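Shared chain: chain A. Partners: chain B in the first complex, chain C in the second.
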Partner chain A sequence: MNELSASSRITYRAVMVRPGVARRIRGLSDRTLAWLFITPTIVLLLAINIFPLLWTIYLSFTNYRANRANVPTIWLGADWYQSILTDPDIWAAMQVTAHFVIWTVVIETVVGFGLAYLIDKKFRGHGLWTTIILLPMMLSPAVVGNFWTFLYQPQIGLFNYMVAFFTGRDASSFQMLGDVTLSPWAIVIVDAWIWTPYVMLICLAGLRSIPDYIYEAAEVDRASKWRQFWSITLPMALPFIMLAVLFRGIENFKMFDMVNLLTGGGPGSTTEVASITLKRAAFESWRTGYSSAFAIILFVTVFGLANIYVKALNKVKSR
Partner chain B sequence: MTSATTAHSVVEPSATTRRFAGSLVVLYAIITMIPLVWIMLTAFKSPDDAISYPPKVMFKPSLEGFCNLFTTRSRQTPEFIRSLGPPQGLCDSIARSRNMVVAGPSNYVPRFVNSLIIAFGSTVLAVALGTLSAYGFSRFRVPLKDDLLFFILSTRMMPPIAVAIPIYLMYRTVGLSDTRLGMILLYTSVNVSLAVWLLKGFIDEIPREYEEAAMIDGYTRFQAFVKVVLPQATTGIAATAIFCLIFAWNEYAFAVLLTSGNAQTAPPFIPIIIGEGGQDWPAVAAGTTLFLVPIVVFTVLLRKHLLRGITFGAVRK
Partner chain C sequence: MSLDATPSIPSRGLADRVLRRGPLEAGATMIIAAGVVMLMQPFSLTLYSWSFATTLFGTVMFTIVSKVRE
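Let's turn to the complex of A and B:
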């Protein structure tokens, strides 16, 4: 910023006087330049995202199988969509996904907001501790998730040892990953461990956006701390909380890597979230047409959520 | 307001509140660090220490995990091992103490190199494309601007598996399956949306007057972009690049589905490091540690821009 000398500040005034000048002195016209700058990105996205998406839509109406490319492709119409929407296995996967999404979002929001509220008290060293808390979020969920299978080992795992230590149960009496009732919670715990800091960080921004004078006014009016929390803190941080909730909701709806490594959908299909079902259909049974249809259904759902998300983003932005 | 009232402002939390809040946060931080510390400890344990019960916090440090990470070994008879010359290096002597000899290097280094090439390649591309489009969207009147920006963001919202199905077919047709170039293009397309949104925020903050002044001094628009805007946006570009790098470095879903040998990155490789009789946890932990250290460094560097990065530039603090 300092490199621009006083002369540019003087010429800045000149622009104010003669607004047309900037436009007249140029090499390429702004219009051409705008398109030159934007087109490469759009072309890449069309080639790597949109063209494949259109192809998926086409495949979802056919019996195509990627491992039998020579079998003639038959047009099936909306058959796959009908069978997916009436398939109890798909609805079971959706239920697993819903359990996962709802519980992770609830836990992450409550704990994340709580942490943000505490960090906002600006105790000594809060910057350092905040950075430490943020670490799990930045690391590869797959690589770290994989290591959790070790922590969850019934005989030797640290998690089981700690639970045993604090509850007095036998460490080998329960299997976080092998038990039908525990495994859905095993993936929730790891996800909450990774992503609570994410919610915390956004909530912290929300809390810090509340100006002090509002609290000062509330103190003058003798509003209790409790009342201040419910009438000022929470409503004013709400757009930020919503943003975090929506983003976590979308991301966890698509959850694949961590669950794939921790349980692979098992035992049985108790942790088979939608993405795992999709992967099994697409890359294990090679039912390409069927899985394409399922992919489109998932995509439409995410797209709808993303729409709401962007609206929320713009709302926060305008603050 | 006098200085006395600011010092003891009604909204300033009391010392007790602060201490209470601080201790709770520190407690959470310590609990949340346990798995990460455990990964690092396990990396330096011998296989026996790693699977002992109760879990060992104090142990004799060993480099066996790292040796097993970088080498492949084959089991031999004691007679054969005795017939060999003196062990070559530390890893060889560790292997021989377990009746094995080092057979050759493991695949970890090639996978790590793949991760580096793909992460850096896609980051450079995504940031270059992103900077150009961000400038375009920030400064020019582009028809359907909001729709284009939403379209760019929405591509990142797609479930990776749903994208992987057609990409798999497409890459098979054009010969990009299991190639670094294919992965670079794919990660670029995912990262470019983040880059556009983040960089647009950063460029929006640079006053237009700077360029306009430069243009009056005789620069063309393009020159003004290169000589005035880019230097101003350096911090933003660096922060964006680190975010792209972290995404590409950490990515697993595409990598596991679309690569097998040639272009496989570290994340799908680390979980399949196995020793005799199941997973070789010290080796997995060693591989994980080496893989995570760069990210920890980057996180500390990025901490001021984290919020921006994770919200696509919406929240700027």
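Let's turn to the complex of A and C:
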């Protein structure tokens, strides 16, 4: 009785304190309430995502330099875009990026799918092996960058020692990070080492989504394992493989941290991917307007690819 | 009294068949992919110069056609 009266008193006070607000909230439609709840999130998104994007688009049409903010800004139109899209050096950086993207995606997809195919066979201890394979993916890029810098050391590095052991070459006769020919491959190897497990996970999800009765029907029809792989496994896992390819393609297109840690774009400009060129233009040459235009070009490319990625994702979801 | 066993199906014009989300999205996807290839190819500076315009056109087209009816 006492409890009831106490709760009634609290309710009564709550209503008495701000009766106007309570009545007003009760009178709101579901739609208005929904807007009230999501407005703070929308404001936050506008402030940290949309405004910087619009500001970058504006800066890409001006001569603004962040280290000379007091100098009056002049409207240049599409001059920076024209300059970037006719510059052979930027074109070369795009080709370095293409080399990096294509080889990492090919290696990660082939090895990742192979590993997923093996793990899917559910042999003894496959859980432990899955965990071990996933370990590189859990490391931070900064750690991986430093870790592989040591592994690539010509005198003390384990990688050079292993290559020397298998090929008979002198371990200190080649430098993975200092050689013009080898350095692009050095970053491909490191990226493949980190991200192959991720591709493996996506492919494994694809393989596990194939119903067993399809294989049983194929067995009844006396289809060979080879035929089952080409006619059932690969076509049914293909949307998942495409998803992994697109995701890794987009991620590697804007790769910065690992390349910066391993080679910094060198030797010369042999590993200077687009994001490294962008960083140099923005924070070494302080050409803010120019680098904004370059950033917008990269953004539109990534946004276009992301559209295709979302389309592929919806296709996988609808299965 | 006779019953018509084959109900008349309204024939769909070329515009109805083409102006649907599926083919338009596929077209936009192809244009975006072509733009990305043009950006990264090592053969022609002219193709590289037109890559951004192509990708931008494909992206805008994709954004618009994704609102078109199925």
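To be clear about the criterion, the second predicted complex is superposed on the first by the 287 of 319 C-alpha atoms of A that agree within 3 Å, B and C clash if a C-alpha of one lies under 4 Å from a C-alpha of the other, contacts with A are read in each partner's own complex, and residues count from 1 in each chain.
Simple rule for what comes next: a residue touches a chain if its C-beta (ideal position, glycine included) is under 8 Å from a C-beta of that chain, and two chains touch if they have at least 3 such contacts.
Source: prediction; values computed, not measured.
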Who does A:Leu118 touch here: chain B (first), chain C (second), both, or neither?
first
Is A:Val180 in contact with chain B, with chain C, with both, or with neither (first, second, both, neither)?
neither
So in the superposed three-chain picture, is A:Ile156 touching just chain B, just chain C, both, or none of them (first/second/both/neither)?
first
In the overlay, answer first, second, both or neither for which of chain B and chain C A:Trp55 touches.
first
By the touch definition at the top of the document, which applies to A:Phe303: first (chain B), second (chain C), both, or neither?
both
Regarding the shared-chain residue A:Val106, is it in contact with chain B (first), chain C (second), both, or neither?
neither
In the superposed model, which partner reaches more residues of chain A, chain B or chain C?
B
Quick check on the superposed pair: does A:Ala78 touch chain B, chain C, both, or neither? Answer first, second, both or neither.
neither
Which parts of chain A are in contact with chain B and also with chain C?
303, 305
Listed in rising order, chain A residues that touch chain B in their complex are 1, 3-4, 7-9, 11-12, 14-15, 21-22, 25-28, 30-31, 33-38, 40-42, 44-45, 47-53, 55-56, 59, 66, 111, 115, 118-119, 121-127, 129-144, 146-148, 150-151, 155-158, 161, 171, 193, 196-198, 201-202, 204-205, 208-209, 212, 215-216, 219, 240, 243, 247, 250, 253-254, 256-257, 260-261, 274-275, 278-279, 282-283, 288, 291-292, 295-296, 298-299, 302-303, 305-306, 309-310, 313-314, 316-317
Considering only the defined contacts, which chain A positions touch chain C in the complex?
81, 85-86, 88, 91, 94-95, 97-98, 101, 297, 300-301, 303-305, 307-308, 311
Chain C residues within the chain A interface of the complex:
25, 28-29, 32-33, 35-36, 39-42, 45, 48-49, 51-52, 55-56, 58-59, 62-63, 66
Of all residues in chain B, those that touch chain A in their complex:
9-11, 13, 17-19, 21-22, 24-26, 28-29, 32-36, 38-39, 42, 50-55, 129-130, 132-133, 135-137, 139-142, 148, 150-155, 157-170, 172, 185-186, 188-189, 192-193, 196, 209-210, 212-218, 220-223, 228, 231-232, 246, 249-253, 256-257, 266-268, 270-271, 279, 281, 284-285, 288, 291-292, 295-296, 298-300, 303, 306-307, 310-312, 314-315, 317
